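Should a chain be cited, it is by its letter among A, B, C and D, assigned in written order, with residues numbered from 1 in that chain.
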Amino acid sequence: MDIAIKDGKIVKKVNESNAKIIDASGLTVMAGGVDIHSHIAGSEVNLGRMIRPDDHVKDVVKKTALTRSGTGYSIPSTYVTGYRYSKMGYTTVMNPSMAAMKAKHAHEELNDIPLIDKASFTLLGDWWFALENIAKGDLEECARLIAWMIRGTRSYAIKIVNPGGLESWGFGRNVHSLDDEVPNFCLTPRDIITGMAKVNTMLNMPHTIHLHTNNLGVPGNYKTTIDTMRALESVYQGDKPIGHITHIQFSSFAGDSWAHFKSGAEEIANYLNAHNHMTVDIGQVTFADTTTMTADGPFEFALYELGGHNKWVNSDVETEASGGIIPFHFKKKNAVNAIQWSIGLELSLMIKDPWKWFMTTDHPNGGPFFHYPRVFAWLYSRKAREATLKKCNKKAQKKSLLPTLDREYTLYELAIVTRAGTAKALGLKNKGHLGVGAEADVSIYNINPETTDIAQTYKPVRKAFGNAAYTIKDGEIVVKDAEIVATPPGRTMWLDVQTKEPCRIDEEMKRKFKEYWTIEFDNYPVTDHYIKVPEKITIKASV
Amino acid sequence: MAEQKLRVTLITGRTIDQGVGKELGKGSDKYFDSVAVCFLDPSDIKKLGLKSGMNVQVTSKYGSVVVKAKKYTHGAIPGMIFMPCGLWANIICSADTDSIGMPTFRGFTVEVEPAPNKPVLTLDELLKQEFGK
Amino acid sequence: MITITPKRVFTVPVQAACISADVFAGKPLEEIKKLSITEGKETITLDDAFNITEDKTIETPNITLTGDFSKVKRIGQGMKTGEIIINGDAGMHTGEKLAGGKIIVNGNSGGWTGSEMKKGLIEIHGNSGDYTASPYRGTSTGMKGGVITIDGNVGTDVGCYLQGGIIRIKGSAGRYLGYHMLDGTIFVEKDCAIRAGACMTGGKIIINGTIELLMPTFTIDSIKPKVKIDATQNAQGPFYVFLGDIAERGTGKIFALKATNPAFKDYEKYL
Amino acid sequence: MTKIIKSVVCPICGCLCDDLEVTVENNEIIKMKNGCAVCEAKMVHGYKSEERILEPHIRKDGKLVPVSMDEAINKAAQILTDSKYPLLFGWTSSASETQHVGVELAEELGSALDNCCSVCHGPSVMATQEIGIPTATLGQIRHRADLIVYWACNPWSSHPRHVERYTAFTDGRFEKSEFKDYVQKLKAKASQKKVAATIRRTQVRYQPSRPQSATVEAPPQTLAKAGRKMIVFDVMKTMTAEVADYFVKVEPNRDYEIFGAMRCLVNDQELDVDSVGGIPVDYLKEIADVMVNAEFGAIFFGLGLTQSIGRFRNVELAIALTRDLNRKTKFVVSPMRGHFNVTGANTVFAWQTGYPFALDFSQGYPQYNPGEFTAIDLLRREDNDATLVISADPGAHFPKSALQNMMKYPLITINPDWNAISRLGDVVFPTQWCGIEQAGTAYRMDSVAISLKKVVEAPKGVPTDEEILRRILEKVRTIKAQKTTKENKEPQKEEAPKKRRLKPQEENVKAEGD
C-alpha cells in the first residue's frame, strides 16, 4: 500500500515522477505519535528544570550545525524535548497542566520546542470564578467564563486537578473524598467534577474534561477513583466519553496504608470494561531517577513527608491552582515503586478495549517520555515484562497480577494506544491516522511486521521504536535514521470557543478581577505575540 | 575628644533615593548625592567629631573612597555604617565570593575617618582614577 | 611515565579531563598527544598546549605534571587506577569522582578537588580551594570513600554531604565544614571558622584548634579523653563532644579540643 | 496630541506593577499615575535624560568616538570571535525575547553566560537547587497571609509598592489591609487602649518578666492580635521596619544561626544557649509561637541574606524553616527578586539549557556551576579575554578588583544610557528602553510573565537590543564560516573532526528498565 503526501496532507495520490519516494517496505509505518499527557513546558516544568542541575549534568546534548544544545535527563530542555520526541516518531504532544496566570510563560516555552505540534490544558478546577458559579448553580455563566479563559490562555482543554483540594491547600488543608466541603466555597469536589463535565459538554469541547482525581497517591484511593467515575455516569449522554482520568495508575492504589499497599487495578479495569463514558491514560512507572511535578500541591507535600527526599517545591498560584515538585527515584527494589509499575501494566493489559486507555508515563512523573519504548516492550512482550518483574522487589513480585496476564499487544493495538486512540479522545480528526485528508505526520520504524516476532525479539524492536527510521512532520522529513535532519517549529493548537453570548465583562467582573488577581485585566490574556505558529480551532458552543 | 578613626561594620544596600538617582541617570546630581554618601549613627558621628555633610574616608582591605557623611535617622546603628550600593561603595568591596558568584558586599570591617580636605570624586573622576577610562 | 609541561601561560581555563592514568593507559605517546581538550572555547589537542614526553623506564607515577596547572581543570577526573603527581598548582575539579589510584599535588589545588570521590587517595601539599570533597550543585550525595589530606588550609564548604572516607586538614578550615555530612570523618589540626557541621546528621568532625562559633543547633553530649580518627590513629583530648544538628534531628558529632576552646565552658553546666 | 495609556508595566523592580497610567504627549511621557518614586524617576524623567546614547561608539586612541552601526557590529563580532573565551553578562533589563537570542549567541560563541542574578538572588536560586522552595504567587499572599515576615530586606526602598500591592497594606479575600491600623498607630502612637483591648482578645499569657536585651526590643503584645501582622528582621532599622508590628535587630552575619535556632524552636526542641545573633532565645520562642499560630505565613527575604556571610546557605535555612513550619501550618517563602526582568533571565536560560545562570558553552553543551562560571569568579580569576555587557551596569555594581580585570580586555556594552559600564566600554551600542520604547515580556519576582508595553517611539536610529544581538550573531556566524573555509583551503595537517552524531537515546541515557 502506498501513502501519498502533498502540501503537508495525506492525499489519494501524487505524481510519482516528481515526488520523493521513501521505500518503506519491510518497515512499520504509523501515523505520527500523539501524546495525550506530558509535562513539557510551563512554569512548573521550568522550576523543576531549575532545581535539578544534578539531573542535567548526567545527560548533556551538544550543539550541531542544525540542532541546539541542551540537557536532559528527567526534564529535558525545550529543544532537546522536541528532538527526542521526534526521534521516537511522535509529532503531537499535549502539555496538560498550565496555570492560567502563567500561560504566557508556557507558550513562550512551547515556541522553543521544535518539531512537534502541541497544545495546553488550563487548570480550571479550582478557579474562583468557576467555583463561585458552580456553587451558585449557574453553569451557563460558568461555561461562558471558561470559554473566555480557554481563549484567553490559548488553551485546548479543561484540566481539573484534585478538585477542591487545591483551594483547600491555600490554607494547608486538603479534601479527602468527593463529598468533603471545600472551605469558604460551599461546594464539594463532586459538584466541581460533574459541573465541569456539564460545562465541557455545553461548550462542545473536542476533548473531555481532563481529570486528576482526588486522593491521588494515597493507598486505597481506587475507591475515590471509582466514585469519581460513577459521579460522571449521570452526565453521560450515551454517545461519546465525557471524562478522561489521567495517570490513573497513581489513582488505582488499594490497601489501607503504605505497609499494606497493593494494586487496585482489577477493580478499576472491571469498572472501565463495563462502562463507556470514560477514557484513561496510565502514567506508567519506568523506574528512573525522575522529577515528579503536579498541580496537586497537597499530594506533593504528603509525598515529601514520606521522607527520603532532599528537595520539595510548592508553588501556589493565586485564585487558580497550586503546584509541587519533588525529585523521585523509582526503584525496582522498592516494594511500593515496583507495585506501582505493576499496577500500570495490569491496567494496560486488563482494560480490554484499547480505545479506552492510552499509554503515557505522565512525563516526567512516572518516567521521562523517552522511556516510552520500554513501556511498549512491556506491552507487546510478556517476556520483557517477566525480565523486569524478575528484578523487582520480592514482595511486589508476589502481589503482582502480571504473571496471570498473557495479553501481548499487537502493533495495531500499540498504534491505537499511542496515536489513533489519543487523537480520537482529543478530537483531533486529522491526526492519529493515515487516511486521506490527515495531516502528513508519519513515523516509520525499522521493524518488519511480517517477519519479526516482536514479543520474542523485544529488544531490537524496542530500540527501533526509540530511533525512528523516518519521522515526517507535515510532509517534511524531520528525522532520518534517528538523526534530526530538519527542525520546523511545530504548531500550537488552541480553541476559539464561541459562546452564543459572551461572558459578562462588566465593571463588576473587572472589579472582582482586580480583587482576585495581582495582574490587571488588560494584561491577563495571552496575546497572539506569544504563539509562534498558531493553529486556531474555532468551536461553536451550545450556550 | 574626637577620635581619629573608627573600626565599623559596613552594610551596603538600597535606598529609595539611590533608586530614584539611578533611574534619573548615573551621571545625574541626584545619583551622586544619594550614592556617594555614608550613613553613620549619631553617636559615631560625635565620636569622630564630624558634622553631617562633611567628607569621610572609608577604607577597607580592598580600597579606599571618600564620601559624604550623613546621619542615619531610622534607628540606632552604633558600630555600623551604611552605604547605598553603587560605585563608591564597591571601591571598598571585595570580589571574594566563597565560590558562589556573590562578592562580599556587606558585613565586613572597614575604617572610617574624617577627610575634610579630600574631595568626593564624581562618577567620571572615580572611573578615571580606578580604571583609567 | 608521561611528563606534561605547559607550553605557555594559560589566560583562559583549560578543560582536560583526559589527563588521567586510565585514559593514557595502553596508548602510544602519539595518540596521547592527539587527545582533545578545550582552551576557552577552542578545541585543541593536548599537544597544542603541552609538551609531552614519555619515560618508559618509570612506571609510577604514571603521569607527572610540572608547571602551573592552576587554570587546568578536571585533571584525573574519574580515574580508577594509577598515580598522578602535579608539581605545581592544580586547577578546579582535580580528582573529581576519583574511583581509585592516587593524586599528589605539590602545590595548591582548586575548588571541587576530590568532589564526589569514591575511593583512592588525594594528597595536597598546599592549600585546597572551596568545596573540596563536596558534590556538584544540587547533589546530596558527597564523597563516599577514600582519603584526602591537605597540608595547608581549606576554603569554605569542605566535605559537604560527606558519606564516608576521611578528610585530614593540617591547617585551618573555612566556613561550613562538613555541611550536611551523613558519615565519615573530618579532622582539622588547626582552627575552624563558623558553622562547622551545620545540618550534619552523622559522622564526626574533630577540631584541634579553636572553633570560631558553634551553631546554636548543637547540644553538648559529654567530654571525652580521646577520639578515633581512623583504624590506626587517635586524637588526644580531652574533647567537648557536641551532638547535632538537632534542627535536622541529626546525630553527628563535633569534637572540639577543650584546651583550645575555653569559650565552651558555659556548656559544661548542662552535663 | 495627548493620550493616556492604562495598565502599563513598570520596568524597574521585580514587582512589575502593571497598573500604571501613563500620559503621553508628542511622543513624550509627561505624567504617570500609580507608580512609586523610582518609577516616576525613570518613566517621566530618566528615560529621556541627556545621558542617552544615541549612536554607536568605538574607543579609538582612548576616546569614545561615534561610528556607524555596521562598523560597531563588525567590531563587536570580531572581538567576540577573536576572543578565546568571552563572557556575556547582564540581561536583566532586557525582555525575555532578547535573553532568548542571548543564549543562542553564547552557544554559537562557546562563551560563558551569566546574568545579574549572580550578584543579587543567585544564591536564592542555588538554595532552591539544594532543598527546593515552598512558595506562592504574590496574590496568594495578598489573599491569605496573616503573618508577613520581611527578613533582611527593605521593600520600602527596593520594592516601594510591595507592601501596598501584595502584602500588609492590601485587601485580600480572607485577610484585610492593615493600613488603617498603621495610620491609627501613627496617630495614637500605639495607644494604651488598643493594647489593652488586644490583650483582652487574646488568650496568650505573657511571662511576667523577660530577659532584657540592649539591642532588641521584646516582642510586643500586639503580635498576638488577629489579622495581619508584620515582622521585620534586619541588621538596622529601616523604613520598612518602622511600619512593622515588630522589628528584630539582628547582628550582622548571624542570620544563619538564627534560622537554625528558630527551626529547633518551631520543632519544640530546646537550645543550650541563651541568645542567638544578639536576640534572647526567649524572644525567638515567642516569635516561633507567632509563626506556628499563623493561618498562612509568608517570609520575604532580600539581599541581606544573599550577600552576607553564608550567602545561599542562609537562604537554604530560611527555606528549611519554612518547610518545617509547613508541618504545623501553611507557610511560604519568597525571594525579593530585584531588578526588573532578572527572573526572566533565569527562566529563559533554564528552559533552553536547564540552568538558570552561571553558564558555560565551551564544551558545546551547557555547563553550570556558580563559583566557576559566575561573572565575578571568572573576572576574579581573569578567565575571560573579552566581555559583552547588555542591559546591566556592573560598572556601578561590581567590586573594584573584578572590574579592573574586566578592563584589561575589550568590552562591548549594550545599554540605553551612559551608565558607568557604557562609559568604560570599547564598543558602545545604544539601545531602546525596554518597557518604555520596546515591548516584550518580563517575569515578575514570582515568575509570572507580564507583557511590557511600548508607550513611546525610540529616538531615530536607536535599535532594540534584540536586533543588535541578532546582527552580532549573524556576523559571528559569517566570520566563523569564513574562518572554516580558509582553514579548509590550507593544506590539512590532520583529519577533519568527524561529524558529531547525536547518540541514539538508548545509549545516551542510562537505561535502567529492562
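Criterion: a contact is a pair of C-beta atoms (placed from the backbone, for glycine too) under 8 Å apart; a residue touches a chain by one contact, two chains touch by 3 or more.
Bear in mind that the values here come from a model prediction, so they are computed numbers and not experimental data.
J.: Which pair wins on C-beta contacts, C-D or B-C?
T.: Taking the two pairs in turn, the one with more contacts turns out to be C-D.
J.: Quick check for you: compute each chain's CA centroid and the global CA centroid, then name the chain with the smallest gap between them.
T.: The most central chain here turns out to be D.
J.: Go ahead and note the Å separation of the Cα centroids belonging to chain C and chain D.
T.: Taking the average C-alpha coordinate of chain C and of chain D, the gap between them is 33 Å.
J.: Taking the mean of the C-alpha atoms as each chain's centre, how many Å separate chain B from chain C?
T.: Inter-chain centre distance comes to 39 Å.
J.: Could you put a whole-Å number on the gap between the CA centroids of chain A and chain C?
T.: 45
J.: What is the distance, in whole Å, between the centres of chain A and chain B, each centre taken as the mean of its C-alpha atoms?
T.: Here the centre of chain B sits 56 Å away from the centre of chain A.
J.: Could you pull out the residues of chain A that touch at least 2 other chains?
T.: In chain A, the residues touching two or more other chains are 51-54, 57, 310-311.
J.: In chain B, what residues contact two or more other chains?
T.: In chain B, the residues touching two or more other chains are 98-99.
J.: I need the residues of chain D touching at least two other chains; which ones are they?
T.: Answer for chain D, listing residues that touch two or more other chains: 126, 129-130, 309, 361, 363, 368, 370-372.
J.: State the interface residues of chain D toward chain A in the complex, per the touch definition above.
T.: 6-7, 9, 18-19, 96, 100, 104, 107, 125, 128-140, 142-144, 165-166, 171, 173-174, 295-296, 323, 326-327, 329-330, 332, 346-348, 350-356, 361, 363-368, 439, 441, 443, 447-451, 500-502, 504-506, 508-514
J.: What does chain B use to touch chain C in their complex?
T.: Checking each residue of chain B against chain C gives 98-99.
J.: Name, in rising order, each residue of chain C that touches chain B in their complex.
T.: Those in contact with chain B are residues 111, 129-131, 155-157, 174-175.
J.: Considering only the defined contacts, which chain C positions touch chain A in the complex?
T.: On the chain C side, the touching residues are 136-140.
J.: Enumerate the contact residues on chain D facing chain C in the complex.
T.: It comes out as residues 83-86, 109-111, 126, 129-130, 256-257, 260-261, 263-264, 267, 269-273, 276, 309-310, 313, 317, 320, 324, 361-363, 368-372, 381-385, 494, 497.
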